[in-house]
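So, here's a batch of structures to check.
Okay, so chain A shows up in both of these, paired with chain B first and chain C after.
Now for the complex of A and B:
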């Protein structure tokens, strides 16, 4: 059983050559459960949603084929186009803030190697917090009368105008508050991943550059950041996909969902409400397909970006 | 002098990071045990002078224990099934040069970027027709769609790192391949399994959209749904919702802390291959 004996034995290929069952059938037997889930729970719904998007679907009933009418409807719907634009701005803000903060945190962890182990556990902790719970806590912290955020802004930063400021009465400040909550939730995973990537960049190249008199900033900009660039691209992709799909924080933090007056409606929320509050599955399916196409385009774009880096 | 200054700045930054990571947890806990007269103050009180557990005892008399159990059943089922399915598939992808493996990789990657909204409607109809609305089975199945992609990749990369010679040695000693897989590869893949379990458990425990759509009866509701509904109707009862949030948060945090070491390894190896 010990690994050392295997190399010494002659004909180490033989156990594999005998059984075609083990070569041909075993991998597929092992893959079957995964394939069943992928086909049944993912593949079928995707195809079905695309099919539904070309059909009338009021009251969650399958209606007649209506071609692109659902797509025309949603792009003629001012709430939908507003949500599309709002989600894009929101995603851009979340991704930019997440990547910058995560990089900063990863660099701090990297600069304190002895404490990094414990620190990275604490940094990752918010990722584990249920989004519903964190949405509620952040809403409480942004409370107009008793919230810590307003108190901090007034008493520490001297911004008197935030005295009793109501964050959720209009759209823009509500979006700012939700952005803060979502960023708090998405930074941990990205920061710890980037930290793991940065740790792999302490090598001979960095040592050589240091000997040649490069300072820490030059080493970071010219050597270490380019080395983790593929990872940065992956993290940007992941956080873009997450941000575009944001749902929980919006459902929890706004009353009524997407309110006040539709001013915080984002794509996922609008799609879900369209399907399960308005009961119009055709329109909702069209919205879902458009979001899927957008996310695919974003992913392809990032993959391209990554490939050009390598070249 | 400059190095001292630099150290000071570094520790200041570390302090800021720790504070912003932990403060919401602290604030949730503190709010849940403050009596109302300490809760609603213009100047926030960071120290509780007369803590109360009344809200917890009140909650525990209500529906929360049932909802907690529902959440636990679904999350544990999702975690176990994810581990099993991803381990088998990860092994097949790590050890065999399948001609279809590129297609397989792309398919799994695509499942990872699918918006939940593209799955939610057909699964609703499917579950309704199969009588699986308001059942643990339905919700668990839908959660598998969210966890399997990443976990299969994680386990594949762990199994790739297990030397194939170990398996061969066992087979030379007369074990069948299946036996070699079961008694050698799977035990060694355990750190990967731990990492993917945290991911699966947290994903399932925290998931809201599918849960809110497929679990609509109060006796079968899971915690995220119950908490969201309670909050939207009684959002001025801040102490109560905070206590419920604490109950909701504790299991994931405990599970996370138990297995965090493996999770970090998993993320580090993922980052290297990035």
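Now for the complex of A and C:
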């Protein structure tokens, strides 16, 4: 900037001051209402939950500060540690199945570009269904007496042992049934997203590879999948977060929620039971904070994976 | 009552923890009417209730509220229906200090709200209420020796059975004892292929916790100021063992019945696949709606007795409570009196399909009212044989944690012996209520 001589360029100074205000203050002025909302509805509850997790609390009335006692309590609770492990296994199963199935569907859509428009709408339909409603329908489908799943297994696949088989009597089959329901619900979004990603991988690179004699599998494995890797990372991350937060299906499909006998308790459900059935918001807050930290770690991992990708 | 107890367990669909706590923190808006310290019947009150049977009940309650205001010029009753989240709404409003004046609350919530110091004392000595109200319902209003609410309506369960199936094994009367029920159910199963002798409900504790009483045991006993669990007692262990054996040894229902709820048995009974079951008058309605042609084949009877010589069961229902922070108590108390008068009480309870909780109105319902029909008479008789869950503030925690259901399911699945499961349950109960 050239030095100003007062009076010589009176007009310039005022635009510059104006410029500073516009550049530095005005954006904040515009942002303030939104920031206030974000801080109010995101920041405050998060801070409050963390604060609660360090306090004794019962019946929505806060008790004294007790340091890390809530955290010690939950990790000493065998049902919590079991739920932690169970949720992790469940999330791994859901994410792996979701991504593989979605990729398969995306490839089918990609191979049939004409039908894809209609097909992708059909594929997306399950996603539009409320989770509670789909959970109830899946519970009926897995019913031991009248369910269509047992009927199919017996009459189509000849598996006689599934005649009157009770899926929700013990933990493992109940988890399988819930996994099926959750995957059914999460596949559509991921599949359509991956389909969109795959659409962008038809250019010269693939053409060149084909000329060089690469077969379809090699093209997919070596070229197209690496090209949509950022998208795969995002989808895996989102699916992981969704799987860890699964709640509705567990609530409506098991009796009692998380049962029989604790065998389908996952972290979100246990947190909810602790908060709203046991009315112990201190412990529940501690559980929520642990889940929050775990999912934050997943997000950080995702950011780093993406950064390496750029490199 | 069943509907309310379902609210407790599943009170809300995922409002986030933080969301509700934030609500609790800022729920301070006072919309209560202006104070009335003079004892005059004037001004407005807020009256809250859930609607356990849905919308059909709302116009009836609204009419009551309007009638009251019409009879007392200068007053107004602001009626609010809380829906299925009622329990949580009460808790958050108690924490936030903006409570209604009068509320119709689930009977099992009464000690809990009293412990939160939210309710007005109704009677310093609950003994004075004996004779006026149904016994089990008085018990549900008591916390630390005082009564905090007026028993309003009550619902009990009784035995529902297929007369034709019992006749097919040469029986003309319903089983009077649990042992007899077991034998009859086995005989029916032997004779009718594909029929469940008895509908077992592993997923809801209302169906087997009272069996402890039938075996002569107690759920908890008062010891000085404290309540101590009796779930580990031999009677309790034997009672749970007996109920679990009905499923595991006698196979009176499909294996999946360990996770069944009342609705599953209603469905199975309605399809003609179950011969006997325990259910409330509301279950009877559901079944007859589903299968109207069953009506001529249906019978009801009081519950079977156990070795303890009684057939006591839970009294479900609702109590009318006046909140401590109500600032128009003259109108609140007067409105409660109005609600409790027989001519205002009976139309409401009969519409709900429940029994009135005053002996006077109950007698009328039994002799000439809606419970004098052959099918419903058993429910009125069963109402004389009721008890309440232990009147401790934290009983809700025991139910909320599904501790009782988990104990029964772990016996049914063979994961634990009855002894071990009941010992664990006993510890859990003591942890919660001690």
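FYI, the second predicted complex is superposed on the first by the 278 of 311 C-alpha atoms of A that agree within 3 Å, B and C clash if a C-alpha of one lies under 4 Å from a C-alpha of the other, contacts with A are read in each partner's own complex, and residues count from 1 in each chain.
Methods note: a contact is a pair of C-beta atoms (placed from the backbone, for glycine too) under 8 Å apart; a residue touches a chain by one contact, two chains touch by 3 or more.
This structure is a prediction, so every number in the text was calculated from the model and none was measured.
Once chain A of one complex is fitted onto chain A of the other, the partner contacts of A:65 are absent, as it touches neither chain B nor chain C.
When the two structures are aligned on the shared chain, A:49 is found in touch with chain B and with chain C.
In the superposed pair of complexes, A:285 makes contact with chain B and with chain C alike.
In the superposed three-chain model, the partner touching more residues of chain A is B, compared with the other of chain B and chain C. Looking at the shared chain after the overlay, A:169 reaches chain C, while chain B stays out of its contact range.
Of the two partner chains placed by the overlay, chain B and chain C both lie in contact with A:132. When the shared chain is aligned, chain B comes close enough to touch A:121, but chain C does not. In the superposition on chain A, A:145 contacts both chain B and chain C. When the two structures are aligned on the shared chain, A:276 is found in touch with chain B and with chain C.
When the two complexes are superposed on chain A, the residues of chain A that touch both chain B and chain C are 44-46, 48-49, 52, 60, 132, 145, 247-248, 251, 255, 271-272, 275-276, 281, 284-285, 288. Here chain B touches chain A in the complex through residues 10, 13-14, 17-18, 20-22, 24-25, 27-28, 31, 39-44, 84-86, 88-89, 91-93, 95-96, 98, 104, 107-108, 110-111, 113-126, 141-142, 144-145, 148, 152, 163, 165-166, 168-173, 176-178, 202, 205-206, 208-209, 212-213, 223-224, 227-228, 231-232, 235, 238, 241-242, 245, 248-249, 252-253, 255-257, 260, 263-264, 267-268, 270-272, 274, going by the rule given at the top. Contact residues on chain A toward chain C in their complex (touch as defined above): 44-46, 48-49, 52, 59-61, 132, 144-145, 164, 166-170, 247-248, 251, 254-262, 271-273, 275-279, 281, 284-285, 288. The part of chain A that touches chain B in the complex is made up of residues 1-3, 5-7, 9, 12, 15-16, 19, 22-23, 26-28, 30-31, 33-34, 37-38, 41-42, 44-46, 48-49, 52, 60, 105, 108, 111-112, 115, 119-134, 136-141, 143, 145-146, 148, 151, 155, 184, 188-189, 192-194, 196-197, 199-200, 228, 230-231, 234, 241, 244-245, 247-248, 251-252, 255, 267-268, 271-272, 275-276, 281, 284-285, 287-289, 291-292, 295-296, 299.
Interface of chain C with chain A (complex): residues 8-14, 16-22, 24-25, 88, 91-92, 94-95, 116, 202-203, 254-256, 258-261, 268, 273, 396-397, 399-402, 405-406, 409-410, 413, 415.
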